[in-house]
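Here the chain labels run A, B and C in written order, and each chain numbers its own residues starting at 1.
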Amino acid sequence: MAGSPMLKLLVSLPLDLLRGLYRFVHRLSTNKPGFVGFLGLLLYFFVTFIMPDFVEFDNEPKLDQIAGPIGSRIQLAVHRDNPQWDSLEALAGKTVGVVDQTGGPSFIEPWRDTLAIEKYRWTSRRQGPGIPAALTDLANKEIDGLLIFSKTVNQVIVEQEDAELRQLFQDNVIISNSTLGPPHLLGTDTQGRDIASHMVHGGQILILTALIGGVIATMIALFFGSLSALAGGFIDKFFTALANLFLAIPQFILLVVLAGIIRFDSTLYLGVIIGLLIWPALLRAIRAQVLSLRERDFVEAARSLGLSMNHIIFREILPNMSSYVLINLIFSITIAMYFQIGLVVLGLAPISDYTWGVMIYFGRSRGTLYNPDGASMALSPVLAIALFQVCLVLFARAVEEVFDPRLRSAG
Amino acid sequence: MLHDQQPLATDQQPPAPNLSLMTARLYDPLLKVYRNYTARVFLQAIITIWVVMTLTFVLVRLMPGNPVDVLVEQILTAEGISYQEAYDRIAASFNIDKDATPLDQYLQWLGDLLRLDLGTSITSPGTKVIDEIARFLPWTVFAVGTGLLISFVLGIFAGMPMAYYRGSKLDHILSFFSSFSTGVPNYIWGLLIIIGPGISWRWFDIGALRGTYDVGLTPGVNAEFILSALEHAALPVFTYIIAILGTWMLSMKSSTTGVLNEDYVNVAEARGLKERTVISSYVGRNAALPLFTQLTISIGFVLSSGVVVEEIFVYWGIGHLLFQSITVRDYTTLQGVVLLLTAVIVFSNLFADLTYGLLDPRVRVSGEK
Amino acid sequence: MSAMSPETILRVDELSIVYRTDRGDVRATNDISFDLKRGEAMALIGESGSGKTTISLALIRKLPKNAVVTSGQILYQHDSNVQDVLGLSRRQLRSFRWNDCAMVFQGAQNAFNPVLKIRKQFEDTARAHGWADKTAIRKRALSLLELVRLDPERVYDSFPHELSGGMKQRTLLALGVLLSPQVVILDEPTTALDILTQRAIIDVLNDMQRKLQFSIIFISHDLSLAAEMADTVATVYAGEIVEIGGVDEIFYRSLHPYTYGLLTSVPTLEHAQDVLQSIPGSPPNLIAPPSGCKFHPRCSFASDQCQVDSPPLQLDIGSHLAACWHKDRLLASRKEDA
């Protein structure tokens, strides 16, 4: 039966893979940091590739969670006879007073046409009337509602000596829900959206992009690096020279310039470009490795046995390179990650996908980075990226120590 | 680089077969090879720079949103003159030869370059690109140089004990730290510094540390200015240090591990040398050798990866200039900056190749290890 | 053991050393004892892997980190002052090394720091032992370099890579006696050198010893070299001294089949390592050595007794000791051959 070997393969292949995986993990577990890195990567995979199916991306600006500079609790002050206001849309066409230390928050902009905004300053030291004036206006119905951005508004006003002000506040202000922490594990961003949901959804594309970049670079390097080392002669000289030339160009700068020229419509496209940029160092590493393998005894032996070049490459050299290639792949993934997020932070990469990088970008451009209470919006992605990179490095080092035949035979 | 290129140099004139017999008689041809090698590396450097220059020339001209058109539009609407008139005026003020073909432009640009003329800025007419670079570059060189040097020295001193006490707790802790140091991108370190000590704990005022020195100070050799400049550079420098340190530590560790297995270290100990002597002149000196090459080569990388760091701390170095010129599409400045950074990289590699011999006597004479 | 006679400079007493490895303890040295006299040249011979280097490293306490001295003593006597080498403090040890006991390591090709000139390395050594006068050092070094038949001025100002293998070896010999040590250990000083250079080194050594009057421990797997150098020869097998005696006794009346095997094997130039074609089999695994006499699996005289009982190192005639149950059979068979 023609099908039977095929069938056998179908059964044995997954089994072999599983067994291989088990052995891999087993050996990896001898290296504690590496194992931690490996578990970390699994966790990242789970959070960014599986959890998005279960957690919805929170894209709706919410009134009751809006925070100007995030972390400062927003207080919606309305008249007691106006309890139906529970979303931003309801404010359209009304006059709303905004009291804020840092000026008007960006979320209000979409409603600018219909929403009349009076600005008040939290402290009257700067220009503009302060809180008492805002409360008076509210009481006099000169404004329809009042948004106050501050963590401490209750406290400050209630502790006020001024009994009249306290009264005004108590009569006219309903404080909307503005809790941090559960149900918003990581708090909310400048538009009142749940940061945790953004974290779940914001990693996948970044990781995919870095993977694409890393894989492309590694494939180019592997193919041309081995070719270069095995063919020698002119081909070798050509690729070595090419790699050296590319190495002399400041690659990140080149990417920055390219980003100014090409509109990267998608993040994944960016990954391809990065892959096409970062191969040269890799090529040299792989070429050197193939060269040294070529001199090894077992390859010499295979050659003297008259085995074909194909056999030597695919049976002798490549299997012995696998861990080395894996290590290089991981390191090029970290570089691709570095490049793309660097671009995003500079604002030169697409911000259409709401990734961790974009979160940092907005965190910077909207000033939450500079607000001690708003740290979460920038800090969450910053930490996520940092730890992801660290997991990769720990993992790569462990593979290097545990699996690289070069190091093992030396040690 | 070293190893790739040196065999080339010796292809033509093989070194004397027996170095033990090396005498003044043999010294001459070897010196020639060495000279030849120098010439060769120089030529390669020049070619590299030329290729990169041409590449940037082409790339930059592909950028959308030609600034001349933007300005012409502005005058057109503001003054109600004809397009031709407006264009001529802008072209004149920008010193653009409107009839020149791209090839002519390229050749002229090359010619200017040979006279070290990088042209004038497009968006702020009258400003020479070379002056702009001269204004911004020193700050980057200062910050990056300091960061590199400090991290290098720290890395050497941290890497050696890692090798000496391999497998100990100290080694594990330092290795773990180095994974953080190398894994976490430098701008992420910068952001962490801003968020943590800067904003949350208020150890310093991030806002006041923008720029390269306090506004209102006149640059010059006075204590106030220097202090202020140091203060402003502190955060970028610290970021560079922490982001590169891990690499040096690991390199030094593996290099030292190798040297510790060398016979001469064993013999040195058997000779009853003081531990200090063995550590410094026998282990340290040999282990640090390969790191010097790495140091010179990494200059370029750190320079260019500093763009984001400078942007994050609003430190006005060359990265800031580059970023500005990209956002306003000032392509003469952009060209100048890219060219300059490339030149720095190429020449630091060249420097590494040529000076290695000064550090390692084995390559001093033969140009080959 | 008996009290040390004033002539004895170094006494090794029931020394045992194991290497701790993942696969188990390698018992590289077992209950080894010998005395080295002032001005005496002793050769340790045996196949590679028999533990010669381990013994010599123990003498200057330069054993690898995984080595443990499980028992025994090493005593050094100088100016009727006896020191326990294994008990020396760090400072004492530093001064003992090279000043009292110098060692020329196996494979000395990389013995010199490649980035320092020979001059600097001589000076480092002298200064570490409290000798500061550079011109005095230079004078002494040049005379020693001359003694080893090198062009002193040129070598002194060279970098190591500018010297050939034989030149380096001779320079190392000169460096070895720079501080006039009482004992010089030479671990296979001629292996990896061509035959002419080997000769030259041996001549130089004999010459130096005559002039400078130090004791030598000469390690080799090559008996013929040992014969030219040594007053006393000790045969080492599997971490044990199986025979020890005067050079003539060993050569003309060897009492151990292993020594005899070494003698009758013909060393080939290219394959210095496979000297031992005439001894079948290979050296034993030192993690789990054979029972009884460790040589019995390879010995043509082996009997049932050899498999069970380990023969003691017994005195034969004069100072000739051997550890074998069947010395007579060996002697008898040699007579037949002759």
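Throughout what follows, a contact is a pair of C-beta atoms (placed from the backbone, for glycine too) under 8 Å apart; a residue touches a chain by one contact, two chains touch by 3 or more.
Please read these numbers as outputs of a predicted model, since none were measured by experiment.
Enquirer: Examine which chains touch each other and state the graph shape they make (line, ring, star, complete, other).
Expert: line
Enquirer: Please list the single chain whose C-alpha centre lies closest to the global protein C-alpha centre.
Expert: Taking the mean of all protein C-alpha atoms as reference, the closest chain is B.
Enquirer: Taking each chain's centre as the mean position of its Cα atoms, how many Å separate chain A from chain C?
Expert: That gives a centre separation of 64 Å.
Enquirer: Taking each chain's centre as the mean position of its Cα atoms, how many Å separate chain B from chain C?
Expert: Centre-to-centre distance between chain B and chain C: 54 Å.
Enquirer: So how far apart, in whole Å, are chain A and chain B when each is placed at the average of its C-alpha atoms?
Expert: 27
Enquirer: Could you list the positions in chain C whose residues touch two or more of the other chains?
Expert: If we look for residues of chain C contacting two or more partner chains, we find none.
Enquirer: With touch defined as at the start, can you tell me which chain B residues reach chain C in the complex?
Expert: My answer: residues 18-20, 22, 262-264, 266-274, 277, 281-282, 285-286, 289, 359-362.
Enquirer: Note which residues of chain B are touching chain A in the complex, please.
Expert: So the residues of chain B in touch with chain A come to 1, 4, 44, 48-49, 51-52, 55-56, 59-60, 62-64, 172, 175-176, 179-180, 182-185, 187-188, 191-192, 194-195, 199-200, 202, 206-207, 300-301, 303-305, 307-308, 311-312, 322-323, 326, 329, 334, 337-338, 341-342, 345-346, 349.
Enquirer: So in the complex, which bits of chain A are touching chain B?
Expert: Touch residues, chain A against chain B: 33, 240, 244-245, 248-254, 256-261, 284, 334, 337-338, 341-342, 345-346, 348, 360, 364, 369-372, 375, 378-379, 382, 385-386, 389-394, 397.
Enquirer: Sort out for me which residues of chain C touch chain B in the complex.
Expert: 60, 62, 93-99, 102-103, 105, 107-116, 124-125, 128-129, 159, 161-164, 167, 172, 175
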